[in-house]
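You will see chain A twice below: alongside chain B first, and alongside chain C after that.
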Partner chain A sequence: MKDGLHQDRAGSTFKALRSLLPVLVILALIALVPLFSPSNRFLSLAISAGINVIALYGLSVLFGQTGILSMGHAALVGVGAYAAAILARDFGVGFWAALPAAALASAAFAMIVGIPSLRVGGHHFVIMTFAFGQLLAIVLTNGGDYTGAATGLDLAGPVTLFGADMSDLTRYYLMVVAFVTAAAVASWAIINSSYGRTLRAIRENEKLAASLGINVGRHKIGAFVVSGVFAGISGVLLAYFLGHISPSQFSSFPSIYLALMVMIGGARLIEGPLAGGILVAFLPEVLNLDPVQSRIVYGVCLIAVIMLLPDGLIGGIVRALRAVLSGKPKQETEQRNAAEARR
Partner chain B sequence: MRAVDIFIQQILNGLSIASVITLIAIGVTLIFGLTGIINFAHGEFLMIGGIVTWLAVSAGLGFPLAVVLAILAVGLMGYILERGLFRFTLERPTNGFIVSLGLIVVLQHVVVLFWNPNQKSIPRPLTTVWEVGGVRIASVRVMVIAITIAVVALSFRMITASRYGRALRASVEDRDTAALMGIPVRRYITGVFVLGSALAGLGGALLIALFPITPFTGGTMVMKGFAVALIGGLGNIYGAVAAGLILGIVEGFSAGYGFSQWTDAYSFALMILVLIVRPHGLFGGTSGPRMAS
Partner chain C sequence: MSPILAISGLSKQFGGVTALAGVDLTIEEGEILGVVGPNGSGKTTLFNVVTGVHRPSGGTVLFRGHDITGLKPHAISRAGIGYTFQQAMAFAGLGVLENVRIAGEHVGTGGTANPWPTPQALLDFVGLSAVTNEKAGVLPFGSLRLLGLALALATRPSLLLLDEPAAGLNDRETTALVGLVRQLPGHGISVCVIDHDMKLMQMLCRRLAVLDFGSKIADGPTETVLADPKVLEVYLGGDL
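And then the complex of A and B:
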């Protein structure tokens, strides 16, 4: 069995590279958008979407690969954002130094949440992450001057790259696109590594994975910590973009929206988080909905996706296309299932 | 006021809130025990119950009639949602959970869309305040506690003494074997959804009698209901009631002794602590239905 894996490796690396290509092409096109002089509103929306997408790539490692869902993911983003704001205020730490520090803080928080939560396992994990998310919001609200209480913190540092000011919307947009690309590549690298295979083994059959000598608990916590790194970076970008953060942005209901985006896009495919983040951000604009209506639409979409397209929208479209093209839907589904298990 | 009076009063306040939470927790615990579905939208059922009460009272109906309407409306909603959505997710409870998240968003914002996001309140159905010794007792709180005790006692009686209750407990214990014994498990699942929803509707009606509610009240309430259900052991009704009492008293104390801004944190902290120390809850529960796999 091991030999088979090795022979397969060259071929599978090529296939894996091919799976990354569409995302890179799409991101390259997205990076060209400023050439068409878009409105500031469009750029702001796109930046928010991109910041979400970075966190979503982390969530896709956790949910899509490992099969565990976090309902407290906005809290991890919040830890990153607050870390950036507090570091800037108390220690004068700038954007670039805040990035690794915030990623570390979010990863540490993920570990603190993860160890007890994953110990109880199964259904309870989701509730534990939700409860920790709520707790964090309460702690931030009651944190007095240190966390700015309910009004939150201001963050007014300039973001510079090689001496150039990045605070300008177009430049910030391009920078976020670059970060999204890095997140996509990182997530792709995890999916196609032996680590990714281990996580999928846990997702498919926890007991079997454990019997093969995989330390299930440690890897689950590891996946949660990895998703925390993505969330922390997304939090720094968010804090510097908005210039102001408050606890309500990171309570558990924003977490629901993050989970919703990853479900709508589909967590297992590399295109999923990108599609989910963009769709959820731009749907209200396209359909011209007010925020209340658009949230109803999101909710209905989420229910519809779960009931009808368990692989997410993109997964569903890909499958439908393949079925139509080949004309042999059943065989395709079987092949796809086999591919899914490998992915 | 003497210290002991404040003490008694805070316990009473805590218990009246605990009543509402217990009503949610029973629904949560029964639905989870039977289907494995974590229905987060249960708090929204409660909120809808409150909104129906508010609409009925605003339309000039009396409070008792409004309560009945709330119970019927939310029970019907539970029936429709179980038949339309949740029955398709029985094989994969995680999907049921995600569907319930979608429902939260939809239900909250449908209410906001039609009846704006502001606070809604009704005039207190009972305004009498009794003075016993130095303790001021609001009769409306006593009413809430009394109704809850009556309903919980009735549910206990149904579940422990009737043959339907025995069949229900058998289904919670082992769905497949119960089905082999000729128990129509699917019908019981529907029944439990309707019962749980009706209790949430009652809870909402009682809640709006105590406090104003907003379309977003369900979020915190369901978390407390879950905390209570988890602390008591999911699937264990006795545990849910006992844990409801504990939480109510803890919250009452904290509000009475100057930590009110942390009130919401207790349920979460207590739940996390209990899950770490005793993952099956203080009183032991089922860990959900055994899946046929």
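And then the complex of A and C:
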């Protein structure tokens, strides 16, 4: 009996590690890209995508695991970015010290927003986060010299690592890849922990979760705070990369984009945020679309994903592969189950 | 012996409607008590008030001598009272084993010694060890009910409240469930079953309490209660 349990534990740890492997391999390949001397434009685009992916890993904990959709995630990124800029200007705080401080600031903001907002359920929460995102943009725009009003703030501090200047594009790219890896591992660790199971229980059925001793309200706020930590770190990287931040970058529209990215990629899978972030960043480039066209394409993508691929693009591909490999379509059973679940 | 649960003067009003009108009820240590009554008699309201889904309008609930009146649902569970719902039985999108694991990870200070040390042992007990690796959502209805029972037991309760545990089960499944529930007092778990299925209640309970219009109208050994003309009148419409 005891041996069986041991084997079971070891087996599930192995299975969990195996789920992380594809992401690590892909990130290792991505880290090799500078060897092929890519253009500066490519590197810049990739850095922006990577910074988004870090925030998306936080959003996947909130939406994918806990089942709470936020339309204000960019606002949490903005809190981190502004915290970094203000700390550098007023207190001479550098990049590395700004990381934990900004993560804390975003987490605190998430808690302040989350405590009243998460008392209301589902769709109401989506609207609340949307409103808080807009509210933050308005506050930043009217913050006078302190927040730089509509023009925003400049951030000119250098980023150094062990004495090396990281401001160079290739080096910043590699650093962002390292941060993305850390975010992916952190998100994977959450998914495979008892905490991750608790969040999934809440996603599946709040009433049943509460009956099993789970403090649903506290854990929902907790998941929102965790997503804020990822967003805060993403914000610092963004502020130091761009050297200039302004309120419009963190209003509701960027938030909707983040939600769209995580849905397109697949919020429940560890590959999802990475795939969604890269796809949405590079799609207009590859297809040579102007901003209006790309918005139309994203909209169509989102509708297609929601209607046809509920676990996102990667989930859809995995399902299709499995169906091809096993030689029989699994969709039928899954549809029957879904119908039963609704019943 | 002092009762494991002592409900006194418990009342609940929804607006102008009185769902519970001052109910007194005790559950003794080690017994299986049945609470019966026609639809709308206040059975489910009683269940919801005791488990913290609704706040009572008045009265107290003492669990092993401690006042638990008005505690939130998760706190009730952590205090050592397990309960199952008619509707929400298991986390459909998660694996059977993961379901039981989750249920065992939030045991509070009220949790008792565990007769089933591992999720696997618990699944063996309810007879679901063959479907350990399935997704809960694919299980047939009867197995879902058993999984729901396993989840409640995983919280290590000393008192288990079951709300219509046999609803939707066929005769064979009902017999299996009755067999399981009967074993619980032997594992140190007192049980209260809320249902209107008289056949089930006769199989399970030595003592019955009968509710009607939010008040208790009878309480005693099952045979005595079932022979009570008052009970026959309100519960069975007078003709039996």
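In this section, the second predicted complex is superposed on the first by the 323 of 343 C-alpha atoms of A that agree within 3 Å, B and C clash if a C-alpha of one lies under 4 Å from a C-alpha of the other, contacts with A are read in each partner's own complex, and residues count from 1 in each chain.
Simple rule for what comes next: a residue touches a chain if its C-beta (ideal position, glycine included) is under 8 Å from a C-beta of that chain, and two chains touch if they have at least 3 such contacts.
None of the values given here were measured: they were computed from a predicted structure.
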Which superposed partner A:T129 touches (first chain B, second chain C, both, neither): neither
Contacts of A:S227 with chain B and chain C, given as first, second, both or neither: neither
Touched chain A residues, chain B compared with chain C: B
Which of chain B and chain C A:S70 touches, first, second, both or neither: neither
Contacts on chain A seen with chain B and repeated with chain C across the two complexes: none
Residues of chain A touching chain C in the complex: 1, 4-5, 8, 194, 197-198, 200-201, 203-205, 207-216, 333, 337-338, 340-341
Chain A to chain B touching residues, read off their complex: 69, 71, 116, 119-124, 126-128, 130-132, 134-135, 138-139, 141-142, 252-253, 256, 259-260, 263, 292-293, 295-296, 298-303, 306-307, 310
Of all residues in chain C, those that touch chain A in their complex: 51, 72-74, 77-78, 83-85, 88-94, 98, 101-103, 105-108, 118, 120-121, 135, 137-138, 151-152, 154-155
Interfacial residue positions of chain B with respect to chain A in the complex: 32, 36, 38, 85, 88-89, 93-95, 97-99, 101-106, 108-110, 112-113, 219-220, 223, 226-227, 230, 234, 261-262, 264-265, 268-269, 271-272, 275-276, 279, 287-288
